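Note that chain A is present in both complexes that follow, paired respectively with chain B and with chain C.
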Partner chain A sequence: MRTKQMLLAFLMLLVGSSLMFAGTVSGKVTYTGTPAHQKPIDMSKEPSCAKQHATPVTTETVVTGANNALDNVVVYVSAGAPDEGQVPTQAITYTQKGCQYIPHVLAMHVNQEFDIINDDQTSHNIHPLPKVNIEWNKSQPPGTPPIKEKYDKPEFIEVKCNIHPWMHGYFAVLKTSHYDVSKEAGDFKLPNLPPGKYTITAWHEKYGTQTADVTITGNETKDVNFTFKATPY
Partner chain B sequence: MRMNPLATRFASADFSGRVLTMNSLKPMRWIPCSAILGLVVVAGFAVRTFAQDAPDVGPKPRIVLKPMESHIGNITGHAADAKSDYRRYCAGCHGDYGDANGENAVWLDPKPRDFTTAAFKCRSTLTGTLPTDEDLFNTIGRGLTNSNMPVWNTFTKQQRADLVAYIKIFSPRWEHEKAGTPITIPPEPPITIESISHGKALFTKLECWKCHGPHGEGDGPSASTLTDSKDNPIRPYNFALGGNDSRFKCGNTNQDIYKIFMTGVDGTPMPSFADVIQPNEAWDLVHFLRTLQVHRHGKENEVLMDAHGVIPPYVDKNLAPAADNKTSGGGQ
Partner chain C sequence: MAKFFAVTIIVIAILSAIPILRHTWVAPEDISTHGGLIDEQMSETMAEAGISFLAAQFVLAFFIWKFSNPGPDAKIKKFPGGAKGLVIAAILVVGIEVMALGIFGVKAWANVYLTPPSADAMPIQVQAGQFAFYFRYPGPDGTFGATHPEMISEGSQNFFGLDPEHDVDSRDDIVAAEMAIPVNKEIHLLMHSKDVGHSFYVRELRVQQDFVPGLDVSLHFTATKIGKYEIVCTQLCGLGHYNMKAYLEVMSQQDFDDWMKKEAAMQ
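Now for the complex of A and B:
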């Protein structure tokens, strides 16, 4: 009887902490100033890719949306995350399509396995350039199976294809799964945060990082907004 | 007696018995001070410009000599024994701290290897793994053609083994990781025109020509954009240069060429093809690459001469006719 009660209490605590008091941090990432002009990419040297784009795509160093929204910003819990060390098992993919990386920034947990896929009719070489993790460089011709990889240290890693020099992307290897990458409207959402104090960091490949501290006390949604100072160069 | 104004001020300050005030000091303080300051700035600028290196601030950190070892055959190398050899022969380019910041490094292209990353070009192991001691030992003895790394065949084997151990002190990877497993290279099949033809098809399909050029002359469409992992411009290998003496960076045997594309050249744009080329295909590619060395006398070029210098289009016997277009049309 007593064991049953304790089990029930434990279960309630577990459910309670994860559902009833799950806070959310959400907000928008915007910029002030003039963002860098993105140049159209000339893919004429790779016709199989060029024909996939009706209008030439541009570089993606700074991608913006309406109302000064800033895209491709990785927003994550940099301190206080309750899940550090819990490696998610779901597969995430990084696709090369039309000689572009989709997504442009792939966020992942340390040691989480991810698949690199070549959807093009041309060979790519995937050449991430880590400083902390170990560097490798692999060829992936069309029709070959996905390359499975993982990184064991947190780092923002630039990714290049040497064959198609315009291809640039990033891996954001984080110690947590509480992350989001801002989309077209610049918005992000970090749900399922139990009560506690957190540091939220926003990282942009050109404009650097910003942090904000939040305290979640219960079942609430905290608004956190980040504004980056955009420079044209 | 005439005195210049500055002298007057000196005189008044020194001999008139007046108490020195800030006001009385001002002119004589500023004139020599600004002159000295100007000299210092000019001298400092000159030093910086000509030395091409910022003067070091503060004491240099000590080099931590770890008890690293290397094993090549029955020779055991010890890091401690290579200390003076490294300082005398290697540090000038690779730097005291192995970070490729030696005083000659600024003048070199390609740049010296940075031992702190522990990424090496010539390996028998897969991309991203540490090379074997033997790989490093061979690199020192062979030198790196098309770079400033000389052939260190004046060293004894023991000296080279000691140096292999020494360069391990610069990266913590050598303490936590084991060297990769060398790839297995199957015995080389006979050189035939079919093998060369298949190799050419692979060269096209795997887009080797995008950098190395359609004739292996290092002039592919992406060649001019290439940079190494430190963002320094780098050239793809030109197979056509040189005659019988033309050398590859990581060794001149057919096995060495096989290793290059299967392991990749880490730190450069050259990727690993280990996951995408079958072992028997790899030999065909080696045979074709040899024919790109147009001025070299070798078995491959003889076979090509016997076929009147024409490489026939490759026909994959395993593929259904319907899929033929797909294989022969790739790339070029």
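Now for the complex of A and C:
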């Protein structure tokens, strides 16, 4: 009886500790040098989109924030992630609004379903350009229901619209749910990492990838920062 | 019954001629220096084809009226010379008509295509691609930077595949999604397609020219009236063809210079 109780207590401690000792990797993505000038987009041929923008929107190849922050960088656990194969069930969306893709970079898990929404008064034809997944393009007139899609192999996929040449975005299809996309201040946060050794990769559409190794030993937050070298062209 | 058909043909022929004679559908205003000759040619073609059409209908009605109820002893009359003569006569008549239109019309054609642009014509490059037009001005240095198709990146607005990092000429090139030109200034339009066949059509300019993939096509024109006009693709080019358009802005020289400065600042 006593042994049984002790075993139970030990098990509870084990489960509790694995929940308690959930580490976090967080940090900031920045750049050095001069990033390329982002050109304004002339949408005059699509008035229903042009009128949604009080000032012309610019290209989003390199989006920066204050203090050299670099946005739209996908930071993810590329090796050692405990959740490979667990497909999240929550819905994620990729919206076409004002003839732009929102968000510019959509990160997702392999086989995770995502909705493509047309929020414009014009037709779009979304055309992702995968190299290892299956390629397709789909027309979506205004008012039609969302297109449901998923990818079964990890890949960074460029996305374009076959009707509006300036529309441009990316899908980041990953084997893990431990990812984040850096926002205005360049910040990212990868929480709920059990103790272990991880490789963290940061991917930017123009500046490529960087990696860092990190070891989580317990309930701690490890700082990892990435700095990309920007070029004016 | 035959007489009823004959009368019906005459009525239809006359009714269809009325809107043409009354100028119900007039061509849009001509804003080019060469358009007058083209309009003249179109009117001549319409007059010639219209007269031929009416004459043919009247002859047809006459034959139906007169010969559709022959008596039991009536003989079938043949065209003098038989079918061979008829065909030769038709070829001669139609051939002379088409040749005449061509000979008289060549002046209008030659004005745009067979004469070179003047030395001070302003060069503008237009690139057609599914499904938008983009225009390039050489900038202050007057020289277009080289294009590198493999460097085309629509996501970063590098529609022409320029290489500003290595090519100095391309650094001041101005690329725009609308075509601004000064009024009364000759434009030398250099056209090429990025992908499939397209067409550049501005009805007020009386310019309609196909883009042929792999060919550099050029033409020249002078716009004479300030205003905003639509440039449309008139060659079925794919899914988004219906939406392939841009705007031509004809401006005063001062406005054009200001526009250039504004565009240069945005590059």
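Here, the second predicted complex is superposed on the first by the 217 of 233 C-alpha atoms of A that agree within 3 Å, B and C clash if a C-alpha of one lies under 4 Å from a C-alpha of the other, contacts with A are read in each partner's own complex, and residues count from 1 in each chain.
Operating definition for what follows: contacts are C-beta pairs under 8 Å (C-beta built on N, C-alpha and C of every residue); 3 or more make two chains touch, one makes a residue touch a chain.
Nothing here was measured: the structure is a model prediction, and the numbers come from that model.
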Clash or fit (per the criteria above) of chain B with chain C on chain A: clash
Which superposed partner A:His127 touches (first chain B, second chain C, both, neither): first
Touched partner set for A:Asn67, first chain B, second chain C, both or neither: neither
First, second, both or neither for A:Pro40, with chain B first and chain C second: second
First (chain B), second (chain C), both or neither touched by A:Gln90: neither
Partner chain in contact with A:His168 - chain B first, chain C second, else both or neither: second
Contact breadth on chain A, by residue count: chain C or chain B: C
First (chain B), second (chain C), both or neither touched by A:Thr59: second
Touched partner set for A:Gln140, first chain B, second chain C, both or neither: first
Partner chain in contact with A:Tyr233 - chain B first, chain C second, else both or neither: second
Listed stretches 40-48, 166-174, 220-228 or 274-282 of chain B, narrowed to the one that overlaps chain C: 220-228
Residues of chain A that lie at the interface with chain B and also at the interface with chain C: 45, 122-123, 125, 139, 162-165
Touching residues on chain B, where the partner in the complex is chain A: 117, 119, 127-128, 173, 205-207, 210-211, 221-222, 225-226, 229, 264, 266-276, 331
For the chain A and chain C complex, residues of the former touching the latter: 36-37, 39-46, 59-61, 122-123, 125, 139, 158, 160, 162-166, 168, 231-233
Chain A to chain B touching residues, read off their complex: 45, 122-123, 125-127, 129, 134-141, 144-145, 147, 162-165
Touching residues (chain side chain C, partner chain A) in the complex: 129-132, 154-157, 159, 164-165, 176-178, 238-240, 243-247, 266-267
